[in-house]
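By written order: A, B, C and D. Residues from 1 in each chain.
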Amino acid sequence: MTYNVAILGASGYTGAELVRLIATHPSLKIVGLSGNSKAGLSMAQVFPHLRHLDLPVLTTIEDMSFDGVDLVFCALPHATSQKVISGLPRHLRIVDLSADFRLRDPAEYEKWYGKPHSAVEMQKEAVYGLTEFYRDEISQALLVAGTGCNAATGQYALRPLIAAGVIDLDNIIIDLKAAVSGAGRALKENLLHAELSEGYHAYAVGGTHRHLGEFDQEFSAVAGRPVHVQFTPHLVPANRGILATVYVQGDVEAIYGALDAAYAEEPFVTVLPKGEAPSTKHIRASNFCHIGVVADRVSGRVMVIAALDNLTKGSSGQALQNANLMLGLPETEGLMLAPVFP
Amino acid sequence: MTYNVAILGASGYTGAELVRLIATHPSLKIVGLSGNSKAGLSMAQVFPHLRHLDLPVLTTIEDMSFDGVDLVFCALPHATSQKVISGLPRHLRIVDLSADFRLRDPAEYEKWYGKPHSAVEMQKEAVYGLTEFYRDEISQALLVAGTGCNAATGQYALRPLIAAGVIDLDNIIIDLKAAVSGAGRALKENLLHAELSEGYHAYAVGGTHRHLGEFDQEFSAVAGRPVHVQFTPHLVPANRGILATVYVQGDVEAIYGALDAAYAEEPFVTVLPKGEAPSTKHIRASNFCHIGVVADRVSGRVMVIAALDNLTKGSSGQALQNANLMLGLPETEGLMLAPVFP
Amino acid sequence: MTYNVAILGASGYTGAELVRLIATHPSLKIVGLSGNSKAGLSMAQVFPHLRHLDLPVLTTIEDMSFDGVDLVFCALPHATSQKVISGLPRHLRIVDLSADFRLRDPAEYEKWYGKPHSAVEMQKEAVYGLTEFYRDEISQALLVAGTGCNAATGQYALRPLIAAGVIDLDNIIIDLKAAVSGAGRALKENLLHAELSEGYHAYAVGGTHRHLGEFDQEFSAVAGRPVHVQFTPHLVPANRGILATVYVQGDVEAIYGALDAAYAEEPFVTVLPKGEAPSTKHIRASNFCHIGVVADRVSGRVMVIAALDNLTKGSSGQALQNANLMLGLPETEGLMLAPVFP
Amino acid sequence: MTYNVAILGASGYTGAELVRLIATHPSLKIVGLSGNSKAGLSMAQVFPHLRHLDLPVLTTIEDMSFDGVDLVFCALPHATSQKVISGLPRHLRIVDLSADFRLRDPAEYEKWYGKPHSAVEMQKEAVYGLTEFYRDEISQALLVAGTGCNAATGQYALRPLIAAGVIDLDNIIIDLKAAVSGAGRALKENLLHAELSEGYHAYAVGGTHRHLGEFDQEFSAVAGRPVHVQFTPHLVPANRGILATVYVQGDVEAIYGALDAAYAEEPFVTVLPKGEAPSTKHIRASNFCHIGVVADRVSGRVMVIAALDNLTKGSSGQALQNANLMLGLPETEGLMLAPVFP
């Protein structure tokens, strides 16, 4: 059986990544693509790498028909997303890739995003989209909120450890290295090739990155008490990939055991042999997440290092994984593409 | 039906690319992998990006069994390849990715590769693997010789023009820009990141690149007279991609028409709208080839620009396309993966 | 003796490169910096890599005093430049890095830049800034028009050959590969890291690049007859560097001899041993230009390959070299910085 | 006055960087260059970017005369360095860039480098080359041991804090991101462009990196008690630069104050305004080190982030700074080159 899907905000990188993945998905058909500033253009004009596909022309959201659509991927900017989604037909399954429905507490949303949420009722309904930990709820959901890409990476490293009670909750540091596509196709000086290539630096320092809202919400929920991690992202000169080096305190055997148990049956999350460190190069353009566990020479200190592709497992691949669940399809369908190396 | 395939020389980039592509091919199963210097290792140890796959352990060629194998991909270095292939069971279908069986004239082989061919009889049998132009022969062949990646790119731009008689055969210049994976996983100083990144240069200048042997053979055969092009490759700081800017003399309408007619029905070769130039970014990690045609301001001068991924359409993707034909499978099976962008 | 200089348009890449070079120039002192959109900021805020220098705060041009200023570098966009320069005090020595005063014929300016020139009288006075070929005029000039960076590269390869009459003037092809800083610090989608890195393509194809105006003017003047070359620029994923592969017809000995003779005494232009090809990596961040000469296997065909750094020899280094001449300083002063490798 | 210097091991990256810097140093003249595997070649053959310089031909160390040489830079691999240096004339001033004389305790050397030291007496004499903290000793020294590049970066961030007693000595984490030239011009698979570009990963994990020997020695000496930091280096796809994100516990004002006081008069080390994070892009190819201090949202947690160029301030620039002191020259002579951006 084939399901019809539409993608709102198809002119950005996560939109293009969705199209790339769906292109070889056996059960999904793209019947609508929106991109307000590019309405009237073909996808081949906006993303020439997709020119071999037979795709609908880009339209405005207003001009899009949702008749016969089974599921909508919403790849719009935050704030815009909540407005658009609250106006969609209520029977539609929706996977939102923006930040708008990730935080269950409206006060937290306002704190991190600087303005009140305009669709508070829907915010309550939304299921947090970290598939491996919300599988049942996602299967039943009408609205799934895709996670932040950095937030996903940190959680893959830490959730099983917090759940198992094997680390000190007050001494968690996430030093994260992110590639540039996570910033989107935005015209900003610091995203220019000449500014970024051959250099790297920390950004959103001091605990100001918005994905901390997700860390706080999720880790506190898992722990049953407030957990506030340190989180410093860095921008590195690469296009795809996130590497989170997470510094924790605990027993390395217990830590390795908790991760190994949590992911033993997972198709996309792999715990490497003890002592091995993952590389973003080894999961690029795929839906896989690699996790390494290394004991430091300082007793009781452990590094958990997680690597994933921000556009795939961190965003559009995750969205498709969730869509598969929502539509009753095999969770891995269309997502077993091998990483691209070199 | 599933066919069993083996890959000889699986520890190089073209070997890894074959595994990547076959990983989601519905009708092929990898039953043997050789890598003499890495025998005994798993593919996950040699190429950690393939660790999610259930693959045979690497063996030596000597230890590999070909019972039940339907087709062998041979991704060995030239000179080695001819020795190995001449020792394989004669009923096996073989796609060779090396240079060993590309040149039909043993004298030409010796001229470009510096020593006599040791399997001259097989060399005669081999079919040149540029799929779109040798489709029927390939379907019937036991031994297909994959083309050089640069040679493929130049031929996609030029073969239809030579065949149609629309360009001056004595004034053809191929200025080619190649990414570094074409040089393989070799430990050479000029392939180091620190040496290559942020710089670029011509190499094999003056008409010394071995792929000229293929150009001479093929273009002369198409033209029915000797054709000797100028060919200058450049190494650019990227991992995948070849861009050939081909300077020809002729009428732009005739040139565009000849290319358009030649590729109108081809699933993998696309002629862009007139005046548009392709980018390697738009075909990366895919089996597609994009061709642009642009008239110069100088009357009667035309640029034909072809872009493809050296590891996919230029090598392992081509090999798989040929294997599909040899096995009676749909030619595009497993090869419709969309390019990876950004 | 120290000369006071001002830089107009100091917030762009060529402005920053001027500051970098002047920072260790023994005879120049920067007394004024303009950057209209950044007026009021320090250079450390606009270019943190310059924070160790004691520099004037950025002002608007209107607020800048030219009292005591000996020479002005004007690194403004074209069209803006002519307006600003025509309003400067007439005794000032000016080195303009824009395109505004490169073309002596106002009709040519209008043809290539799309609108009439607004300072035609000054345009006539301006000396073309290709130092090695206009040394005497530059020494006496009040207004020097810096060349296009691509235009400089092509001319270093070709001027001596045209002057010596050793090549066919009707068969000249310049296939040029340019790094991205040549496009400036502009917020354009195609200059983003995610769009450019790992890919490359031709642009301004078909003889539409504006630097052709310079080629036409200069080559025709040298030849004493109209010369119209083919010129196809490509954008490659690097920040600095231009490599021009120039295809000519003539005798390789005569060609090598003409270049060797022309540059034998030049401090910044080096002809490599015959058959060697230059790399942009070997002149990066320096004022040097390397030229290689290679005979093709096709008789009578020769490649002349020139490499320089677009921001240094192609722009700000050239500007400083000209300023040295205009101020009576040694031509090489402050410019002998060695290339940065790796 | 001009001093004569020789460089042993001039065919590696630190050797080439020394030549680059000395090229515009007003008081030093290179009179000898060794490179055993390249003996007989010119530097232009080994490093074409240096071809504009008039340099001695490379010789073996055995063939080099030290008559009239005032100072030797030794850029040889560790283990080799101690053998060569112990055989040099004893009056020579020597700056060693290898690891051989960094660790004062022979047992520590053996622990980290895997074999006994063969020149223990000289090891005791050697002065540790972190200029800002050993200035007086270096001025008097005959043998200065250049620091590890990572070790330098971490120490710039931490020494003043340990000395001032403003941080918890038992909770120090150095998460370091290093560019690839720090690994030298070695033919290793993981240093290939195709392997490194577009990916990044931790290496030498778990407290196994040899520069920990320097951290232990120096931090313990400053603290007057054993200090053992956590240190995890990462390899990022860039050629030059080290960024150390150091996680400490203490009061941000005290921390900022200690750093500010320590470096207020230093010509090469700059503490950025509070809350600003440095970028490797802003110190590239220069001898500057930028340090940022940021308070985390978690009370009492602070990040100190240090950036420098591994080949310059981390190695050859440091060596030259020390040589200046040893020769009685101004410490900054030849080292005020501005960073290269973009």
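Everything below uses one rule, namely that a contact is a pair of C-beta atoms (placed from the backbone, for glycine too) under 8 Å apart; a residue touches a chain by one contact, two chains touch by 3 or more.
Heads up on the chains, UniProt names are A, B, C, D = N-acetyl-gamma-glutamyl-phosphate reductase.
Every value quoted in this text rests on a predicted model; they were computed, and no experiment measured them.
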| Suppose you hop from chain A to any chain it touches, then on again the same way; how many hops at least until you reach chain D? | 1
| said: Quick check: more C-beta contact pairs at B-D or at A-B? | reply: A-B
| request: Between chain B and chain C, two touching copies, which fits better, same or different residues at the interface, with half of the numbers shared as the threshold? | output: same
| query | Could you state the distance in Å from the CA-based centre of chain B to that of chain D? | reply | 45
| remark: Per the C-alpha means, the centres of chain B and chain C lie apart by a whole-Å value of 39
| query | From the C-alpha centre of chain A to that of chain B, how far is it in Å? | reply | 36
| message | Quick check on chain C: which residues sit in contact with 2+ other chains? | response | 13, 181, 194-198, 237-240, 278-279, 281-282, 284, 342
| Once bound in the complex, which stretches of chain C touch chain A? | 13, 180-181, 185, 187-189, 191-198, 237-239
| query | Tell me, which parts of chain A touch chain D in their complex? | reply | 171, 173, 175, 177, 194-203, 205-208, 212, 228-230, 232, 234, 236-241, 243, 245, 247, 275, 277-282, 284, 292, 294-298, 301, 303, 305, 307, 342
| Which part of chain A faces chain B closely enough to touch in the complex? | 13, 16, 19-20, 23-24, 47-53, 181, 197-198, 239-240, 270, 278-279, 281-286, 288, 290, 336-342
